[in-house]
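In the two complexes that follow, chain A is the common piece, with chain B as its partner first and chain C second.
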Partner chain A sequence: MTGLRYVYAVCHPFDAPLQAQLTGVAGDPPRLLSHHGLIAVVSHVPERDFAEEPLHRRLEDLDWLTETARAHQSVIDALTVVTTPLPLRMATVFRDDSGVRVMMEAREDDFRRTLERLAGRVEWGVKVYAEAEPQEAPAAAPKPASGRDYLRQRRSRMRTDEDMWQRAEEFATRLHASLSSYAEDSRLHAPQNPALSRHSGRNLLNAAYLVPRDSSEEFVELVDRTKDETKTDGSGMRVELTGPWAAYSFAGEQSAQESAGGQP
Partner chain B sequence: MSMAGRMPEPYGQGSGANLADILERVLDKGIVIAGDIRINLLDIELLTIKLRLIVASVDKAKEMGIDWWETDPALSSRARRDELARENAELRERLARLDPDHELEAREESEEES
Partner chain C sequence: MTVVERREIALVDLLDRLLAGGVVIKGDITLRIADVDLVRIDLNALISSVNEQVPSPWGS
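Showing the complex of A and B:
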């Protein structure tokens, strides 16, 4: 037996070749396993990293996790260029090819239904950040002449902050509404952790939109226009677009639950 | 010019898509299938993503000068306490000016506090 089988995705058969020199997880180029008219995209991975006990340990290693997640994503990405893949969650591993075939048979109907639903569609990610306004240093304000002055200054400072956050929320809500009406479907994700994203500012909106490939260009233009506006209007808002992604956020059966915890 | 069907150039993916973008998709989205190797990603997510990184994020964010939660009364109990203490002091001060009879009392209270 030559290692375990790591499954990236399931898709319909496709003609176009996958990008050459594509190395998958564990440096193993992805292979196509055809069964019942569907394709599972798999890599052969070593037991020393992917058997249950080592895998559990490995996933706790941030460097390994990062490298594996990027490898997984690069295969999904390459598939997205040539077809519509159903991405499986990272670290879906079987003992051998026959284990993968059994799984494909068991889930065949689900796969076909979901492939049908997502065919020709991609996911775009849109995030809105509000730049944290520089905290006004107390020394910069004129020294309050009285308690009443002090109160007045403080109240106006608080009002400015509140206004800014309220405007920011309204902006994010408005943008989400207009993009949602354009997209076929949308999901709100939890705001991102700044340590991972390495972005400054408060992440107010983190959303995914399902858009047909054919109208992706217009969707991107719509986001770009908003992005340009925010650059010049002094609102402190920043809009960020990522994609096209495989329809990760729309591949699962559940939908309402996924939206929980998102803003706004 | 007709570009229908052409995929726009990737935006930020690959080079620009940040680690959070990738992890939130490959770890948290996509189809869940129980493989032969039983791994509960929820455990991993909790440990790695939610705990370790959120703890790390506080330091990292501070490093980057983002500390709004510390001064936001809705998020920080310390900020809430500071806010209350300041308001109390201000009210006493005003009271003292309006009604000199209370001045002594107010001063006594603030001495007790400190």
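Showing the complex of A and C:
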């Protein structure tokens, strides 16, 4: 019994060695399984964690999930140094090597097409947050003298909030449009839950952009400029950049139009 | 907010990509894995319960 096969990614054959001391998921260093001129990057993982039933439970264990996600990411990162990997969804598990080979044959054309589309590209993540409180605190308003005063103040406060959210939405939409026009492709992820991200403010935009590695510098500068502007303009907006990532968000076949489902 | 940006990738950014991105392989040859939306929902519940007791489950 040699366990199950966890597949990280599929890629073209590459010459450079993978970073040594790469541990991989379940502590098993990634192995290269070559088939029909493509490579599947695979770890051998134990059934006690990765068979269907235990995997369900494990994925709900935050420590295990964190450890596995980071191990997965470290392998994809190492691959990104030597080639352009096509990442598979986390926790894609096969019974044995021959299962992996069957899958590679069945998906060969898709893989080649997508690998070609992604070659030399990286993914950048951009998030926009709006601080929950408007910059100038409306708390400075005088104590209401009457019920009517109170209602007036309340209405005006609500209008201020509405204006702020509207401006924030416009800002996010505008930024997404300008970054999308620069990038080859884009994807919108669901806004992040503040409890999960531990960031203050409401997450209005959580997007991924596919950018050629060669023009990434300009893309980053564009985001940095916006980031600097928001720090000084008192708009309460905050812009965050992550990356470069392997093109996780662009590994599927669907196009931006299909996945976007409207503006942020 | 923090002045120095965290260098370590935030788990939530990673999970956006690992659980919502990547090629999805379906069929008899893979073990059926957890429905990703379900994982995220459970994760939300899990983390809110963790947050009530522990300040930060994965450091900051």
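A few comments on the model shown:
Heads up, the rule we're going with is that the second predicted complex is superposed on the first by the 245 of 264 C-alpha atoms of A that agree within 3 Å, B and C clash if a C-alpha of one lies under 4 Å from a C-alpha of the other, contacts with A are read in each partner's own complex, and residues count from 1 in each chain.
As a convention for this text, contacts are C-beta pairs under 8 Å (C-beta built on N, C-alpha and C of every residue); 3 or more make two chains touch, one makes a residue touch a chain.
Quick caveat: nothing in here was measured; it's all calculated off a predicted structure.
Residue contacts after overlaying the shared chain place A:Arg238 against chain C, while chain B stays out of touching range.
Contacts of A:Ala69 after superposition: both chain B and chain C are touched. Of the two partner chains placed around the shared chain by superposition, chain B and chain C are both touched by A:His56. Of the two partner chains placed by superposition, A:Ala119 touches none, neither chain B nor chain C. By the document's definition of touching, of the two partners only chain B reaches A:Arg213; chain C does not. Shared-chain residue A:Leu22: touches no atom of chain B or chain C. Contacts of A:Leu33 after superposition on the shared chain: neither chain B nor chain C is touched. Touch criterion met: A:Arg148 reaches chain B, while chain C stays clear of it. After overlaying the two complexes on the shared chain, residue contacts for A:Arg202 are found with chain B alone; chain C is out of touch.
Overlaid on A, the two complexes show chain B and chain C touching the same residues of chain A, namely 4, 7, 10, 50-52, 55-56, 59-60, 62, 65-66, 69-70, 72-73, 86-95, 99, 103, 107, 114, 125, 189-190, 192-193, 195-200, 242, 245, 248-249, 251-252. Across the interface of their complex, chain A is touched by residues 3-8, 10-14, 16-27, 29-33, 35-39, 41, 43-44, 47-49, 52-54, 56-57, 60-61, 64-66, 68, 71, 90, 93-94, 97 of chain B.
By the touch criterion stated above, chain A contacts chain C in their complex at residues 4, 7, 10, 50-52, 55-56, 59-60, 62-63, 65-66, 69-70, 72-73, 86-95, 99, 102-103, 106-107, 110-111, 114, 123, 125, 187, 189-190, 192-193, 195-200, 206, 208, 238, 242, 245, 248-252. Interface of chain A with chain B (complex): residues 4, 7, 10, 50-52, 55-56, 59-60, 62, 65-66, 69-70, 72-74, 76-77, 81, 86-95, 99, 103, 107, 114, 122, 124-125, 132, 135, 147-148, 150-151, 189-190, 192-202, 213-214, 216-217, 220, 240-245, 248-249, 251-252, 258. Interface residues of chain C, counted against chain A in their complex, comprise 1, 9-25, 27, 29-34, 36, 39, 42-44, 46-48, 50-51, 56-58, 60.
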